[in-house]
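Comments concern the structure below.
Lettered A, B, C, D, E and F in written order, each chain numbered from 1.
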Amino acid sequence: MKKKLSHYDEAGVARMVDVSEKSATKRTAQARGFVRMKAAVLKALPDNPKGNPLEVARIAGIMAAKRTHELIPLCHPLALSHVDVDAKVKKDGIAVEATVSTTSQTGVEMEALTAVSVAALTIYDMTKALDKSITIERIELVEKSGGKSGHYKR
Amino acid sequence: MKKKLSHYDEAGVARMVDVSEKSATKRTAQARGFVRMKAAVLKALPDNPKGNPLEVARIAGIMAAKRTHELIPLCHPLALSHVDVDAKVKKDGIAVEATVSTTSQTGVEMEALTAVSVAALTIYDMTKALDKSITIERIELVEKSGGKSGHYKR
Amino acid sequence: MKKKLSHYDEAGVARMVDVSEKSATKRTAQARGFVRMKAAVLKALPDNPKGNPLEVARIAGIMAAKRTHELIPLCHPLALSHVDVDAKVKKDGIAVEATVSTTSQTGVEMEALTAVSVAALTIYDMTKALDKSITIERIELVEKSGGKSGHYKR
Amino acid sequence: MKKKLSHYDEAGVARMVDVSEKSATKRTAQARGFVRMKAAVLKALPDNPKGNPLEVARIAGIMAAKRTHELIPLCHPLALSHVDVDAKVKKDGIAVEATVSTTSQTGVEMEALTAVSVAALTIYDMTKALDKSITIERIELVEKSGGKSGHYKR
Amino acid sequence: MKKKLSHYDEAGVARMVDVSEKSATKRTAQARGFVRMKAAVLKALPDNPKGNPLEVARIAGIMAAKRTHELIPLCHPLALSHVDVDAKVKKDGIAVEATVSTTSQTGVEMEALTAVSVAALTIYDMTKALDKSITIERIELVEKSGGKSGHYKR
Amino acid sequence: MKKKLSHYDEAGVARMVDVSEKSATKRTAQARGFVRMKAAVLKALPDNPKGNPLEVARIAGIMAAKRTHELIPLCHPLALSHVDVDAKVKKDGIAVEATVSTTSQTGVEMEALTAVSVAALTIYDMTKALDKSITIERIELVEKSGGKSGHYKR
């Protein structure tokens, strides 16, 4: 049994990155996603029975960014200096974008991506009565700056 | 539809203030509120069936201050260096006061006001069986120091 | 020492009410509060730099109702079937009202009062840059129905 | 000003659906999503420096399902009777699937979609050091049963 | 690679128990633990600089019971009908006990054990300045009733 | 009544330590605990019906460390730079150990102890179906460095 269990001990072994020695510098990240829905649902938005999904989504996204470290197991808790979420009606859906800033020892990609995801889920929730085929598409990092790994732009 | 929806996009547009360029300085805020109740309920407090509402309220207020940014959508998450909540029996109710300190890029008024509000709600919860006419009155900022906007005293 | 500590053990002794034997029935509660602010601040609301405080407050209030049991130490966790928060501009401030419903073993006064409090704090947060003298006034229960203690109307 | 503000009061007006009169029946929902990543990153997974992203993602997804109502403003808090999250390595990424069940007054689509989203974000977080071009794709409802609106299958 | 990864998919595979088919019955659980500390620290409790650890611990334990499902990954979220936490000074430490009740599809052992653990941690936190050798000992289930697995008493 | 209530006001009076004047330095803490269980349960772990409790416990412990200030009433909210949780099968149970680091104004003992406690509770939850006599034993601080009170090693 010994061998089996000692191997068993090591299975998985999730690890948080140690950022103790990193310096606290300004870091920003921008992410985006898209909520695809039928044209008819889009047109009906101003009369949506649950209210304006764009505004509720913006707020839900901002609030979710602040709770990223509670949701994503290995994320560090951070003091965020800015969160901005934007939602715009496009031809075949709603484009969501989030920008997050911090001055700390680690970056904020996950905070930006979480803000986009929860904003998109909120739009879904507020329109799902009209269209069950809605999909959330291409949640991705757009740009990132600050920190040792340097600037990234998709 | 285009015009209508583009206007629709802009409705609300809640924004968090960007504090990235502010410096981390010591900031404090003090707030207060009052829970008005009948003299009979006040007199009965030491035998209150749910326990001592003053002590439970103090603890609830301290804990709530730490979660302000989860409750108030556009508040920044902050590392608080001190939270103190005080509850005192007065002639016609209970006076609640909270003081919060931080060394960070933004102030702590909302933390102090949230601590007072939740402490007051807790007192209400623990005494409501005796008096449904209890009201929570005049939650307000008493004093605030630190940060660019300077000292404020009511 | 014995005597002193045995008395010490008993100090406070907060107790949650045991609702195990109560039946799950429909219960509703309605609460209200008022955020007093200067006429100039009220007039400027449609151009408020942080967005529309009424809509953000409604959402913050609804979300807070769902977390009441996390904030108020002796409140029971409940499945809420409805939460509605209303915020209306009046002559000298903003009137906030919340209605909460559940089918469960205990009432929802605290949920309605918490929704009102957090909605009021959110309005404060979004307008405080313009007016530090804003006060939150008279948070109180308006009506309550269901459960053994019966109907209450202020 | 009157007119302008009265219109202003109505902007947005997010509303939670009142489910008080719905009956508590068994309801399930299944959702899925996909995390696209480079073949090289996939191959390296068993030596991933942060641990096994599949297992951490499963756990993060299960935990997120339970907190859906905290994240999505107009979702009802529910007692979930089951949450299952599955993550499988495919040719060009990782397929995530979640199934959620409840016996309550409203459905669990949002819980299943939130579980998938947070599981996908967790996979992203654990592999992002190796590949910044990872995208989260097509988060969507697969199937749903129970409740008045009946069975749905994509 | 195929084989390795398919095995890799299965590593861990945490599963929540499906309680959909269980009936909602009354269930209770009682747990206990002990915080061992030096006699000198015990004697000094009534003058403890952070306040009365027994009362704060009771409240922290009650609040933690309500959040058990957020902390323990595979626990079901439950509506608790009662939580009681008791803390008593003994000869060589403080005895903590918790009793939790629910009417639902699964038991509340974890809620009782979590209440005891957090109450014990709170006592530790409030006395640690005086004694770093404090230990939390023997957290265990005392009794459990209700549900298919029947009555258990240690 | 005056006298009685003024004494009543003072009962308890929980106080958070004011760390405003402390300097932000690197601080670490290490804690441990033990989950005692029957040999038969230990041997069966690789086939445990709920999955690998060691890995789930590690993740639950890391996540709990980040939420310590929500659970322990007088703990300060902190930005943690590292959390590591280890769980190893021993002859008569599972040994849990946690190490936490921060650069801040106060130490992280409570974070390390909370991580150990929640990891131990998670192991209990995942194995309790097999053995109700499991106990969580000797949760204690192992070592602590940084801050004015200096180095401590048990």
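The rule we apply is simple: contacts are C-beta pairs under 8 Å (C-beta built on N, C-alpha and C of every residue); 3 or more make two chains touch, one makes a residue touch a chain.
Just so we're on the same page, UniProt names per chain: A, B, C, D, E, F = Cyclic pyranopterin monophosphate synthase.
Just so it is clear, the model here is predicted, and its values are computed rather than measured.
Colleague: Pick out the pair in B-E, E-F or C-E whose interface repeats that of D-E, meaning over half of the contact pairs match by residue number.
Modeller: When the residue numbers line up for over half the pairs, the pair is C-E.
Colleague: Report which interface contains more C-beta contacts, comparing D-F against A-D.
Modeller: So, comparing the two chain pairs, more contacts are at A-D.
Colleague: How far is the middle of chain C from the middle of chain D, if each middle is the mean of its Cα atoms, in Å?
Modeller: Centres of chain C and chain D (C-alpha means) sit 29 Å apart.
Colleague: Distance between chain A and chain E based on Cα centroids, please, to the nearest Å.
Modeller: Each chain's C-alpha centroid was found; their separation is 33 Å.
Colleague: Please set out, as single numbers or ranges, the residues of chain F touching at least two other chains.
Modeller: Residues 11-17, 52, 55-56, 59-60, 63, 67, 70, 73-74, 78-79 of chain F each touch two or more of the other chains.
Colleague: Which stretch or stretches of chain A touch chain B in the complex?
Modeller: Contact set of chain A toward chain B: 26, 42-43, 45-46, 52, 54-55, 58-59, 62-63, 66-67, 78-84, 87-89, 101, 103.
Colleague: Given the complex with chain D, which residues does chain E contribute to the contact?
Modeller: Touching chain D: residues 1, 4-6, 8-9, 11-20, 22, 69-70, 73-74, 76-79, 104-105 of chain E.
Colleague: Contact residues on chain D for chain A in the complex?
Modeller: 11-17, 33, 49-52, 55-56, 59-60, 63-64, 67, 70-75, 109-110, 113-114, 117-118, 120-122, 124-126, 128, 132-141, 144, 152, 154
Colleague: For chain C, which residues are in contact with chain A within the complex?
Modeller: Going by the criterion above, the answer is residues 52, 55-56, 59-60, 63.
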